[in-house]
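Everything on this sheet refers to the single structure shown next.
Which chain is which? They are A, B, C, D, E and F, in the order written, and residues in each are numbered from 1.
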Amino acid sequence: MMELLSVIELDDAIERALAEDVGHGDLTTRATVPSGKRGRARIQVKEPEIVLAGAFVFERVFTMTGSAPQVLKLADEGSRLRNRMIVGEFEGEMSGLLTGERVALNFVQLLSGIATLTRKFVDAVAGTRAQIVDTRKTHPGLRALEKYAVRIGGGRNHRFGLDSGILIKDNHIAASGSITRAIDRARKFAPHTFLIEVECETLAQVEEARTAGADAILLDNMTLDDIRRARAQVGPDLLLEVSGGVTLETVRSIAEAGVDLISVGALTHSARAMDLSMRIESL
Amino acid sequence: MMELLSVIELDDAIERALAEDVGHGDLTTRATVPSGKRGRARIQVKEPEIVLAGAFVFERVFTMTGSAPQVLKLADEGSRLRNRMIVGEFEGEMSGLLTGERVALNFVQLLSGIATLTRKFVDAVAGTRAQIVDTRKTHPGLRALEKYAVRIGGGRNHRFGLDSGILIKDNHIAASGSITRAIDRARKFAPHTFLIEVECETLAQVEEARTAGADAILLDNMTLDDIRRARAQVGPDLLLEVSGGVTLETVRSIAEAGVDLISVGALTHSARAMDLSMRIESL
Amino acid sequence: MMELLSVIELDDAIERALAEDVGHGDLTTRATVPSGKRGRARIQVKEPEIVLAGAFVFERVFTMTGSAPQVLKLADEGSRLRNRMIVGEFEGEMSGLLTGERVALNFVQLLSGIATLTRKFVDAVAGTRAQIVDTRKTHPGLRALEKYAVRIGGGRNHRFGLDSGILIKDNHIAASGSITRAIDRARKFAPHTFLIEVECETLAQVEEARTAGADAILLDNMTLDDIRRARAQVGPDLLLEVSGGVTLETVRSIAEAGVDLISVGALTHSARAMDLSMRIESL
Amino acid sequence: MMELLSVIELDDAIERALAEDVGHGDLTTRATVPSGKRGRARIQVKEPEIVLAGAFVFERVFTMTGSAPQVLKLADEGSRLRNRMIVGEFEGEMSGLLTGERVALNFVQLLSGIATLTRKFVDAVAGTRAQIVDTRKTHPGLRALEKYAVRIGGGRNHRFGLDSGILIKDNHIAASGSITRAIDRARKFAPHTFLIEVECETLAQVEEARTAGADAILLDNMTLDDIRRARAQVGPDLLLEVSGGVTLETVRSIAEAGVDLISVGALTHSARAMDLSMRIESL
Amino acid sequence: MMELLSVIELDDAIERALAEDVGHGDLTTRATVPSGKRGRARIQVKEPEIVLAGAFVFERVFTMTGSAPQVLKLADEGSRLRNRMIVGEFEGEMSGLLTGERVALNFVQLLSGIATLTRKFVDAVAGTRAQIVDTRKTHPGLRALEKYAVRIGGGRNHRFGLDSGILIKDNHIAASGSITRAIDRARKFAPHTFLIEVECETLAQVEEARTAGADAILLDNMTLDDIRRARAQVGPDLLLEVSGGVTLETVRSIAEAGVDLISVGALTHSARAMDLSMRIESL
Amino acid sequence: MMELLSVIELDDAIERALAEDVGHGDLTTRATVPSGKRGRARIQVKEPEIVLAGAFVFERVFTMTGSAPQVLKLADEGSRLRNRMIVGEFEGEMSGLLTGERVALNFVQLLSGIATLTRKFVDAVAGTRAQIVDTRKTHPGLRALEKYAVRIGGGRNHRFGLDSGILIKDNHIAASGSITRAIDRARKFAPHTFLIEVECETLAQVEEARTAGADAILLDNMTLDDIRRARAQVGPDLLLEVSGGVTLETVRSIAEAGVDLISVGALTHSARAMDLSMRIESL
């Protein structure tokens, strides 16, 4: 997990979530569960199949709730798990397991939902040149985690934020005067480490962008025919990205139209939480 | 909005989201949009109908991005808006409008999605004694906002966290020895300001909980018949809550079985983001 | 301690206190105590008798000041200790013991003061049905710790904050129009997990609250006679709480008047710090 | 107030206190007080006499709770107010006044308690050369505010923390080998901006400290006779401080023994909260 | 300033600097300057010539120190100012001007030093195709401000951090097996919004990088002759960057060797603070 | 290191620096370096000679970047290292070594630069009574670390901030009316733990300060002759400090003029970063 996500950033998100849920304390557990009592928590899949993401959260959460957990089992990130298969098994102080249960599940169900949906899109375009990429349509405060889940699902990350990509849209064009002038300004003032991508709504714009030296073009809500024409127009080397209302039904035909990247907002803003159950037994 | 949500807490969530999205800076806007240029942003509905929630976020975001916005129009929280109707209109520094656009939309689309879905559930049980309540299955870090959206949609909040309700579940019962002992411990050690609610899976448990003095009973994944029997068994005054896999299709029959509260995790963990468009024009 | 207090929250309070005291550094120790020198700190009671609370703070403080402490002795939380008895004994880097001494003592002397005073009130009502509860009159920023000390002293916690109890006071009544309407609104809009308690100043108000379905009544500054009348009026099952100027002299007669809860602001806002001495010897 | 206390620091303490008290929200007020309703809050003294400190907190708190307060009256910091006299009067949104009431009172009652007690000690030594100074025995997290209250009460601040004074105690002496060596080390390694003060328990130590060039001597728990002897021994120019169990009964005789400074831990760790009432009326 | 730097981020840096400098309070000013006294601060250049950067810091600092400043004069960012010319003039509460003086100067002297040095490098390559860019060799915690100063001085920013550029160095090459494989991996896994730049130490490496499709090549510590050969080898369109020990003496000949970018660590890690004087007069 | 610098404070500075540099992630390393690959980092001097300061930062940084480093070698703080000598050697996860390299070097190069320059000034006055002291002209946010480096270089710290010294300057004098009145006010209102130092520009001011009881005098930008006269005038016991444009060329003659302290802003604001190289090899 180390290479993928900063531990500081992860712990920060979990601490916020625990603070939000525990507040002044887990009153029910405090009143009913004796200190020192130990338990074993087993998390299982309750869906036909999922792609697992974020399961390392359990250990972090249970550590923060004072459970001093021992990890008995933990499925690999990215593994496909079918109904009733085990996500993880942990032994520790019972009270901490109970206090952390909901927060941990909220994370893993969300992230596995994103990884699972991403995997479906990725599988749908298998064999084409197209890659599935995410967007900035993430839940506020959870972007790093959600983009990690996209990677686990086989997707590729688009820019993480406004600071990790140049994407010239209609308002930037209008403010600069033309696509050509917007590209010139970006070429001159932004760090040279970035490609310049331009969002286009017409083939005429595509032509202007290509001529002005754009490195990538984002075709926004174009028909399949126009997408094919755009590819022919720009040649094979310029990166073509498509966005706008892409679904599992339409994604393959878009891929086959010859694009390089298909960005799908739904990966993060509409992924359904995967159902997982946690059973805790006394020891 | 003041009465519903803490401004400090709201600003904190927005600052985090902006930090996450803007990072080292909005490179495209910095390169292409001249300082001082002003614009007008108009946000419109792109769904058949939504229940609006969180629209006050626009002004806060645009203020933080340095746009010094003037609010020209702003629809009321909770209003039902149909396709193409206007959510809000803002005038301000163009660069700040562009930099804040995505973050603001991410908030309002999520919250309106929750309010809209909640409203559907609430309407579905109209005329019964049942109230629709939310759960703790929220996106980590966003609970206060998501529970606010539930209220805007006509729902009622269940406990905000582990510190705002006593809910005795199977593990608490096991740790205490019995339902009766768990209730006794809660009655003795928790603040007296809380009701005592017990989660039951069988009618025998319902009976024990009632006898031991529970104030509310949560029927977990019971059949409609058992729900009706539970109501008969406990009489009209004890609060009955139902949870577990409730859908828009099943909610009314559950309500008509005579329960007081129906908790629906989907309100927050599965609400679809409502589609909104923001158009910005130069001034 | 795990079950009672969040470690994150505790460490946060200690870090703030250390930052406040150490600031740019412990100049005297830095100048006069050689690095590597080790010492042993012994903390003793300098009062006739105390109820100990918060002694786990020593180890946390000395760890943060870099003393790498070893715990040689540590008295149990809640134990009654007489003059000269040992609270704890720690061995570690001398400089860290010296730097942390005052901060650690400030915590433990305050918390033991609260536990000791609480225990006196609790003992004073022994054998009656009354429980001693705290209030929200705590030192800003220290509420969780101070309420923990009340529990250690045998008291019960009232609500932790405005979010963990419904308590309808005169201004809420005035704003709603009547006690009955205020109760109706609370019953409808607040989470169902809360009892509804109403503060009353007259027996007529008590009657209205009872009729309107209040679950608990707070009798504010009533005479003993009126307290007894209130109990007779509401019957044995409705919770009766008394507050206002309760002292060790008056508390038993109030308890014998038949109330369930007696809230005492003095537990937290007026508890005297217990005198403890820390002696550190070189090793 | 500006010169005395940092606004950033003050707001930080208040935000923490509000977060602690309001948590997920002021449930009672949210349920019963209509948005937009306005009120007037009047704070009055309920003690024979107080020295007011911290009254600026009201406006800050009510601003943060969204009351948008208008200050109608506000007594001067440090003014002596008798029973029923008015501390302040504020008009604003009713809900914010109610939500902020307890937090604001917790601050002002504590700070006024400290200022009032300090004033008593200061008055007790009027006409002598002695000044009353505070200690580091403050409530964790509240030191800046509590030391401010001491100044308002006419006292003088001792060091704010371990970084604002050199005070050589027994352990520093032991670690260095002797008083003389400890002073030498401090003279060499600490910033030259500090005096060197040495805590002494015997007249022999006083003599060694004087000879070694101490600038100030703290006489710890000495008899009046020994204090007088110490003064005679060191001459009139070396600063003499006395600490240890000083009370209102003993302070004047200590002052008359010829010391410059008398430090009193009780100013901050044992000041009784001053009783204030807040009445809020609807507008 | 709005477009260049986030206000939140700026204020955060200033608050930290003030906390660090003011600590428990500005003791000298508190003791000697009466509350309410007003003053006028004038900041002047004490160098032959500077390029001004960061002068907006004065107003922010004086606001935070409670001076409520009025801006009488403020030179433009990026303006060249000669000895004795005025940077700014501010009127406000005297105590706040004094308390903020050093912190404000520390910022502006540093940033103007960077802008001034950058301008010299930029002027030195005027008329060539080369642009001067900065590095990540900045003072910890001050990168955003220091990179802003580089822009003000006419320089261009290289990547802001490890997240805003792909730069393949020797260890990445070794870990991947070859330049070609490293480029392939970056092309596949990193967001497509980035160019791929490869650091090369030999012309053979340059050739491999070019063949494998690198978009930019960083020539590390190469001779002028090799730089010229590298240009000839890669043709005119591939971006060539040079780094390593570049000085004002050598920069022009490097530029004339035909490179696009010259990165200079000294811009930020070795810029001399520009001397400015602040005179404050009483009003 | 424990005695010199707070670990909390150090980690906080490093976390901020890493957050600033890593942002959304180290993209190049993530794409090209396999998880689990281990490496060895060796840091060497690339200057004729340095005084090492801050080398403990490497282990902290590599720990935070997830490298789980093992320390193979680490030179002592304050040791003089010549060209090619080894600062430290660390083994750990390769990706974490690469991600942390620049941040760690930025710290150690800066701090060693300060220690090295300080050592030169200290050596230049060897055998005189003068000590070299730093100033508050530090990089915002880095003061504690920079003052630590001064100590490592053999210098002494002047006040850490406005709260750790009384230094009366021209504006304080003007606001009080005279040097005498300013000293009186400071003597009365500031904690007694501080000396009173007065900044003087003329010998007449020196005389007034001495007469009014100043403990130390700061001679600002005086000639050598006037410095000698000042010493003669005040006698041997009053502390004399000199500041203003002190260089390695002038410092010894100033020291020989008989002053106690020479404060040098250049120690922190103009120290050149020491060049260090880090080589990482695969294991």
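In this text, a residue touches a chain if its C-beta (ideal position, glycine included) is under 8 Å from a C-beta of that chain, and two chains touch if they have at least 3 such contacts.
As the structure is a computational prediction, the values presented were derived from the model and not from experiment.
Undergrad: Touching both chain B and chain C: give me those chains, sorted by label.
TA: Both-contact set = A, D, E, F.
Undergrad: Using the contact definition stated above, find the chains touching both chain B and chain E.
TA: Common contact partners of chain B and chain E, which must touch each of the two, are A, C, D, F.
Undergrad: Taking mean CA positions as centres, which chain lies farthest from chain F?
TA: B
Undergrad: Repeat of C-F among B-C, B-E or A-B, where over half of the residue-numbered contact pairs coincide, is which pair?
TA: B-E
Undergrad: Which one of the chains is farthest from chain A, going by Cα centres?
TA: Of all the other chains, the one whose centre lies farthest from chain A is D.
Undergrad: For chain A and chain F, what's the span in angstrom between their mean Cα positions?
TA: Going by mean C-alpha positions, chain A sits 45 Å from chain F.
Undergrad: How many angstrom lie between the centres of chain D and chain F, each centre taken as the mean Cα position?
TA: Result: the chain centres lie 33 Å from each other.
Undergrad: Hey, how far is the Cα centre of chain B from the one of chain F, in Å?
TA: The answer is 52 Å.
Undergrad: What are the residue numbers in chain F that touch two or more other chains?
TA: Residues 22-25, 29-30, 33, 144, 160-161, 163-167, 189, 191, 194 of chain F each touch two or more of the other chains.
Undergrad: Graph shape for the chains shown, where an edge means the two chains touch. Line, ring, star, complete, or other?
TA: Topology of the interface graph: complete, with all chain pairs in contact.
Undergrad: Touching residues of chain D toward chain A in the complex: what are they?
TA: 23-24
Undergrad: Can you name the residues of chain C that touch chain F in the complex?
TA: 15, 18-19, 22-25, 29-30, 33, 35, 64, 66, 93, 95-96
Undergrad: Would you pull the chain C residues touching chain D in the complex into a rising list?
TA: Contacts found on chain C: 13-14, 16-17, 20-34, 37, 39, 94, 98-99, 102-103, 105-107, 109-110, 136-144, 160-169, 171-176, 182, 185-186, 188-191, 194, 269-270, 272-273, 280, 282.
Undergrad: Can you list the chain D residues touching chain F in their complex?
TA: Counting only chain D, the residues touching chain F are 133, 156-160, 163-167, 189, 191-195, 197, 215-216, 239, 241, 260-261.
Undergrad: Of all residues in chain A, which touch chain F in the complex?
TA: Listed in rising order, the residues of chain A that touch chain F are 2-8, 144, 160-161, 163-164.
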